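What follows is a pair of complexes built around chain A, which joins chain B in one and chain C in the other.
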Partner chain A sequence: MTGMTAQMIFLAFFGAAAVWFGIVVFRTKSMVRSALALLFSQTAVGLMFLVMQAEFLGVLQIMMMATEMSVMAIFMVMFMMDPGGMGAMDMTHQKRLSLWAGGIGLVAALAVIWLAAWGPAVPNIPGAAQQAADLGRELLGRSMFIFQSAGLTILTAMVAATMVAIAPRKERKE
Partner chain B sequence: MILELMIALTAGAAMFGTGLYGALSQTNLVMIIMGVELVLAAALVNLVAFWRYLHPEEPAAQMFVLIIMAVMAVEMTVGFGIAIARFRSRGSVEMEEARELKG
Partner chain C sequence: MTIIWILLAFLVGAYLIAVLESWAVHGRLQPARPAFSALALLGRESLLARTPDRLFFEAGPVLLLVAGLLAVAVIPLAPGLIVTDLATGALFLNAALAYVLVALIMAGWGPNGAYGMIGGWRFLGQFVAYAMLIVMPITAVAMRAESLSTVDIVTSQAALWNIAYQPVGFALFVVAAMGLAWLPPLDLPTAPGDLAGGIEAEYTGVRLAVLRLARMTVILALAGATVTFYLGGWLGPWLPAPVWSGLKILLVAGLMVSAGRLVPRVREARYLALSWKLGIPLALTNIFLVGVIALVVPI
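Let's look at the complex of A and B:
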């Protein structure tokens, strides 16, 4: 089995897993299971990155999503009226419209993917160490402004979200 | 035809469709955030696939992946900030009950 064939098989496997767990997120009644399904879906995406030889991004995706989804599971339990799904509440609306929108989006994307001419394959890519070095130079060189803007945006969002979440002074005094 | 690219993009398209369905059909704010996360994950898959199979010599593509990850973090932060504020004032994060935001 050649390297590219193995890559294709693993890519299809992890791609199918990512999609399947993504569907499970909206099919299960238990919110904790939803958060776990999203965690598995995002981990499968990280594994797809590893299969595509983007080692740094793959590890980053898995680590980041593991933390993010754990936080999400906690929020689910805090905010949901029925986090365990025992009451089998229906928490959906405009199902038909959503199905049509999702279906049309999927078909349009598939049409573009399968009808476009993507050009010849480029099988050789730099090694993991070279990729990390190139990315570092990119981030601290040509793309520094964009990278710094992203950092500043996260900081602003953190401060804004904390300010929104803090109870007003009146409420705290009561 | 680059079959590996097609497989990755097809998985990305399926994730996009699922995420779009979830974001539009769910009534709970946290579930809507989950749908948006899936859509952004689809964008990540596409970006890495384009980098790997079309332009592996271009590190800027990987930089865009980091930017999308930052967008995911920001989206979650702001979403949960709003969820906490909403839960505190109304005791629920059900979007069916937030019709006054419609304008």
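Let's look at the complex of A and C:
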């Protein structure tokens, strides 16, 4: 029982940390701080996975977010006319719309949490190695099509974004 | 107790690598040199840049040290001599080393100085080049071991070390590791001579000492990873297991800090082009070949 309680405390702590860093993303005036706050928010989510004994998912989340958020930072700095991210800029825009969207999202999330039938907690969690094996079988079995199409969609979006960002050949010659 | 012994072993290792690096740089073997430079750094005033981002400035070197230590935690020195044998060890090593990048961006951006900032962003550019070439060779190693545990990866090499089983993966991994530890010729983030130290430019005194110690830990972790993944870890005849690990790690680290000094510094764009146009196709071929061999020949 004490193990369970400790687990709950850590889960709540990292959850609160994730929310706090999420707030910092919009409170700061610096692009780099904003990007790194988002990174630490996602790292806290990864730590929540670890607390919930999902080792592979936790480590994967912690690894992917470090790289993804940093790459996002470099793209922000490249495209936002803010050399090095040194200039101060407001991280919020379309405030009324964002408030409504955020509020509705919160209500929806709370409704799902309260109304869904979650069922009992799994008593016997498989070991970390078994979890990784199970995940691999799931990814290459039932869920393969979903993951492959998601990957292809992201790749297409990346190519399209780069195409939009690069100046046309005519403009570059001048 | 084991943890203390391992940390002590790695501390000695970090010192020896510092000796090797100063040998490679200055051409003279001076075993006391790192101790004297450390004392000099600790005795010097630790200056604070004007209007710094104080949080990032202080956190950068410490985060780098933490990342290095976490990476070291999954490197086995002998059977049972490991801080923690995670079922996802190889992935964990990667996750820990991903924060080297975060630490360097923080350290580069924190002091609010041009050289540091350029150094930090340069490392981010360099990351885009080396990142895939760290992960993809490890994938092939894990495929052969059928496990992500670093201990299982070492025992899977009992019959044949991975350096012979997948030499292409070994070469790619070592070069990418040198990029990750910003060792010459891939030392663009510090670039002595054109960036005045880059990310190290604004650090002095005890903060610089932490930054340098952290870098040695990262180099040690990468040498340890190379030995674990490709050189059979603690495996070897006659000598006891920890001695083999130590010797191999020092040899790899020595080669990593010295060999690159014989070639000129590689430009960012060239490194990116080589990594993506040559490195990634080679890494994919390596994964394919290892898959075929693992299915056909049971070694």
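Note that the second predicted complex is superposed on the first by the 135 of 174 C-alpha atoms of A that agree within 3 Å, B and C clash if a C-alpha of one lies under 4 Å from a C-alpha of the other, contacts with A are read in each partner's own complex, and residues count from 1 in each chain.
The rule is simple: contacts are C-beta pairs under 8 Å (C-beta built on N, C-alpha and C of every residue); 3 or more make two chains touch, one makes a residue touch a chain.
Values in this document were obtained by computation on a predicted structure and should not be read as measured data.
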>> Just to be sure I read the superposition right, which of the two partners does A:F26 touch: chain B = first, chain C = second, or both, or neither?
In response: first
> Thinking of the overlay built on chain A, is A:W118 touched by chain B (first), by chain C (second), by both, or by neither?
Replying inline: first
> In the superposed arrangement, does A:V77 touch chain B (first), chain C (second), both or neither?
Replying inline: second
> Of the partners chain B and chain C, which touch A:S41 in the superposed model: first, second, both, neither?
Replying inline: first
> After superposition on the shared chain, which partner residues are touched by A:L60: those of chain B (first), chain C (second), both, or neither?
Replying inline: both
> Can you pull the chain A residues that chain B and chain C both touch?
Replying inline: 56, 60, 71, 131
> Can you list the residues on chain A that touch chain B in the complex?
Replying inline: 4, 7-8, 11-12, 15-16, 18-19, 22-23, 25-26, 31, 34-35, 38, 41-42, 45, 48-49, 52-54, 56-57, 60-61, 64, 68, 71-72, 75-76, 78-81, 91-95, 97-99, 101-103, 105-106, 109-110, 113-114, 118-119, 121-122, 124-126, 131, 134-135, 137-139, 142-143, 146-147, 150-151, 153-154, 157-158, 160-165, 167, 171
> For chain C, which residues count as touching chain A in their complex?
Replying inline: 53, 56, 86-88, 91-92, 94-95, 98-99, 101-102, 105-106, 109, 112, 117-118, 121, 124-125, 127-128, 131, 147-149
> Which of the residues in chain B come into contact with chain A in the complex?
Replying inline: 1-22, 24-31, 33-35, 37-38, 41, 44-45, 48-49, 51-57, 59-60, 62-63, 65-67, 69-70, 72-74, 76-78, 80-85, 87-88, 92-94, 96
> Any idea which chain A residues touch chain C in the complex?
Replying inline: 30, 32-33, 36, 39, 55-56, 59-60, 62-63, 66-67, 70-71, 73-74, 77, 84-86, 127-129, 131-132
